[in-house]
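These notes are about the structure you will find just below.
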Amino acid sequence: MEMSAMDPGRNDIGRIVAEIAEEMRGHAHRGKVADYIPPLACVPVEKFGLAVVMADGTVHCAGDCDEPFSIQSISKVFALTLVLGAVGDQLWKRVGREPSGSAFNSIVQLETEHGIPRNPFINAGAIVVCDVLLGGLQPREAIGQMLRFVRELAGDDTIAIDETVARAEQETGFRNMALANYMRAFGNIHAPVDLVLGTYFHFCALAMSCRQLALAGRFLMADGRNPVSGFSVVTPRRARRINALMMSCGHYDNSGDFAYRIGLPGKSGVGGGILAVVPGIASIAVWSPGLNRSGNSHLGQLALERLVQKTGWSVFEPRVGSQA
Amino acid sequence: MEMSAMDPGRNDIGRIVAEIAEEMRGHAHRGKVADYIPPLACVPVEKFGLAVVMADGTVHCAGDCDEPFSIQSISKVFALTLVLGAVGDQLWKRVGREPSGSAFNSIVQLETEHGIPRNPFINAGAIVVCDVLLGGLQPREAIGQMLRFVRELAGDDTIAIDETVARAEQETGFRNMALANYMRAFGNIHAPVDLVLGTYFHFCALAMSCRQLALAGRFLMADGRNPVSGFSVVTPRRARRINALMMSCGHYDNSGDFAYRIGLPGKSGVGGGILAVVPGIASIAVWSPGLNRSGNSHLGQLALERLVQKTGWSVFEPRVGSQA
Amino acid sequence: MEMSAMDPGRNDIGRIVAEIAEEMRGHAHRGKVADYIPPLACVPVEKFGLAVVMADGTVHCAGDCDEPFSIQSISKVFALTLVLGAVGDQLWKRVGREPSGSAFNSIVQLETEHGIPRNPFINAGAIVVCDVLLGGLQPREAIGQMLRFVRELAGDDTIAIDETVARAEQETGFRNMALANYMRAFGNIHAPVDLVLGTYFHFCALAMSCRQLALAGRFLMADGRNPVSGFSVVTPRRARRINALMMSCGHYDNSGDFAYRIGLPGKSGVGGGILAVVPGIASIAVWSPGLNRSGNSHLGQLALERLVQKTGWSVFEPRVGSQA
Amino acid sequence: MEMSAMDPGRNDIGRIVAEIAEEMRGHAHRGKVADYIPPLACVPVEKFGLAVVMADGTVHCAGDCDEPFSIQSISKVFALTLVLGAVGDQLWKRVGREPSGSAFNSIVQLETEHGIPRNPFINAGAIVVCDVLLGGLQPREAIGQMLRFVRELAGDDTIAIDETVARAEQETGFRNMALANYMRAFGNIHAPVDLVLGTYFHFCALAMSCRQLALAGRFLMADGRNPVSGFSVVTPRRARRINALMMSCGHYDNSGDFAYRIGLPGKSGVGGGILAVVPGIASIAVWSPGLNRSGNSHLGQLALERLVQKTGWSVFEPRVGSQA
């Protein structure tokens, strides 16, 4: 049975979060943990965390919600936010805004589109984002800036980069090296490729818990402001636009299916995390390391699907009170 | 300056619609009218219509809002709705739900993905939808069913199919014949190709005015119900999902940009029309025959961008009242 | 051990042909008979024929060398010869001369190269060849012309078209219909698609024995002349160029391997036949219906490899007498 | 008028070579000199050299036939010969033998074919060849081995590598770095990418004159033996097979046209050189730095076309004496 679209109360959300975590605990099919680097391969498939931060600051958590995991491609959302702050819409000369229609690390599209990656959430696009950030910075500075940024967004100074992950990525990242060199051949990477990739791999190696991640995502549900400090992170328009990109392109070649089943802006990572945004209502982080064939968290997507069914939070749901 | 997110009153909407039509009237850059068939090529580029149907039934109109135009690919939304009513989720075995990441009539993707089109809103996908509809019907019956369906949705029995357009499509539709035969070679078209395409071309040849189109789109903003009759057209979940598909895939290889700039589920056609949905709030139709390079109405997109700026209707806007 | 490059005498050729047929008779791995149409699927995999026509007219035959089989794509050589006679180098405005680098019925290349097929020996290219032939003829006339042409080349009026094959091709040729319609969308097919394909399918349905095929291929080894009548079929330059095309493009995506292993101009068909040319020395036809993964006769290729090893007939072999 | 196929005498060859050089001297359309690195960009477009080494050792030269130029991709023939000597047919597990059907540095094919390049004469294939050579050697050793090899083949110890070219290639070779990293991601490059490319770029930077190049190519016309020393470089079969690969794949996406117009095994380089082989008769080197759109020497191809017309040397020409 499908829930009606009434907004659940705060107590209800706590109960719903607990129910979903309980339901996921017993789930037999959990997908396959990423194994291309040892630090990811050794994460137990049983892990599951869920955190929901409401617009008023309330936090609802369940499962392994305080255990840091490798956020991987979710970092692309924060990197995009940083770079838009630095160069604004200039970015769009070097990166597109369309879904890729193919696997997340495809190089074919770069050939037919002359080195311009389709969007900032595929690897090639995020590598260009790093290159733009390095326009005025050393890698060390850019990495420091990113770390300070997510710590401030989450209000948590304990967030760190997992150097073991960063190193492992660097040692095996031949496909990303291919992408970066290929774009450099088209003139769309300016800094030395190893510096760009060093920065990129450190961003991917950010380790955050569901709680930290949901807190860091608050500005995306709150018109670009940090709802606690009230400070503006980005303009309202930019917040909406980042959400739109997450909706169109946030899940590699599974983005259409995510919109269809869940109907929220979201961004996934191969560490098994997903950040999802309910504009005006909630920032959500979920983590389960087993991936489906598209490289997105299998249980993470399922948990979000349940959450949206129980809350009516899909952006395609008629708005609360609007029809009375 | 960007509008705050307060919901404009009804009088305001009427004023905003008039303002936008006035602004568009003087616009110099209007794109290029589709010229692959004479009945489209001869439409004056100056035409502009806009219709907004509110949840309470109020209709705000401006410009050439009562002049019928060829809705072309917008018919794919109604065909999808019909076929989901007929076979339900079985459809998804034969059509995907992902954005195509390439031009709307690309045949390359069909080769690499073995005859399964990426989504029901590209030509190949809509041709499969027609084939599924013909599973139990003659072309004449399917076309009649479609006509009755949109007439009922719009509450307007004068809606008709432009046979001149249907015939012209048929005479020049070699690329669609290629797509259909190609999918038949993979076993994903079952009925004779000419019957499937005859049906498809008649759907595309539906002629509707902005007012009729916005009225026909009401069920998508109202949880699947016809807000006047109260009758259910589709379940609330299905309405949301059709909206999600329109968001992901509604504008060919320009869908990401549409989400980024406008942030509403929408579907465009090469006749220059766009249908857009504000869940719970409004059904919108706009028409201006000049197209941009992606094959979408240039002024139509601009008009919707203005409308969303002035109303705060983007689905990525924090929801009204939710943050108080 | 590898043969030295001395030219074997005539008696030797007869012995070699018999030896090879004997060797092939016992061969366990024979590939897979084409099964996309019943008339091909029912051909016994055990069949094997070999015919070698020498420059002086001597014919050496073995096995099922007098049993007609469907020559299929080998007909593309004769169609090309006919069309070059009709329009000359004008043809190359509408067809390329490069190997395709992909499967024989790929449609992808047509998209990126705007409807110009890579060469006249892939299906798309041969369909254009038929369209050019139909420039001044009815299908019936073109088919009659082709039949008279191969009968004259082979000096055998019993050669016929297998109507059962032609009809079966037509009923299942959706991929070829896709190719033809696709090229028509690019303006590279002028006649009605069904007439072009009707002609094409009749050419493919030519039934010839190895003996007839080798006789028909004589002009390609003899500087363009029929060595018996002495009449010129094509100029010496054109004969060389057709041979060059057979070398580059004669075996779909297996042409490089054929050149590597056998080193002769050749053209294969999915009926299991191969026509090969030794310029100045011999015209060869071999038939074994089992195909390898590239769609070429498995034993046919092996038999030719043996023949070339035993005779030193590869065009990459230092020429006889030239080094003395 | 077309020459008959009689073998021209030795005196004739000298005259023909002089005539062709004279004809080319005045040619207006010379193509465009490669400009991706300064050492190539500064080569005067007027340069033209031609050298023909006959089976009996006679050398016919004209124009700038003793001026060294960057042989670039022609080195791929010598690298292939070396690596076949080292590992034999094992090589074919890691490189294909089919023409590429696309531009010489295309990365698309690598994606669809899982990191196996189509042939050893496209960049990706030659990079794998270098990687295999480095299986048991340091780059310095491999480069030394190559230098000794071409010096011995040409009988000329003055042949050298142009370090300026090697360094320039390395500084701008982002596309080759992309190719190498991409293949490494598929496991088809084993040595560190920078060592493989360092070796590759040094091979490409070999500087040779037409005379030296034609001398170095003698083994390919002489059944694998050095015709002066009589020593075997490769077996006769391998010599034929290298020739076959040059015929199929020697001119990037222009190989079919080269076979069609010239009909000889050949290999071109972006420095404007072409090595061509007439089995049993001659080894030919031509040089003119202006390139056509496919990246092959414009005048070089024209000169070879004239030479073949005047001598009847196409391998598709009926063999001398064979028809008498």
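Note that the chains take the letters A, B, C and D in the order they are written out, and that residue 1 is the start of every chain.
We take it that a residue touches a chain if its C-beta (ideal position, glycine included) is under 8 Å from a C-beta of that chain, and two chains touch if they have at least 3 such contacts.
Keep in mind the model is a prediction, meaning the values are calculated, not measured.
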(Q) By the touch criterion stated at the start, how many steps lie between chain A and chain C on the shortest route? (A) 2
Q. What chain is the most remote from chain D, judged by the mean position of CA atoms in each chain?
A. B
**Q.** Separation of mean Cα positions, chain C and chain B [Å, integer]
**A.** 50
Q: Compute the distance, rounded to whole Å, between the mean C-alpha positions of chain B and chain D.
A: 56
Q) With chain centres defined as C-alpha means, what is the inter-centre distance between chain A and chain B in Å? A) 30
Q. Could you say which residues in chain C touch two or more other chains, in rising order?
A. none
Q) Taking all chains into account, which pairs touch? A) A-B, A-D, B-C, C-D
Q: Within their complex, state which residues of chain D touch chain C.
A: 2, 5, 7, 55, 96-102, 109, 118-119, 221-223, 235-237, 239-241, 243-245, 247-249, 253-257, 259-260, 263, 265, 279-281, 314-323
Q: Quick one: which bits of chain C touch chain B in the complex? Just the residue numbers, please.
A: 106-108, 110-112, 174-175, 177-182, 184-185, 193
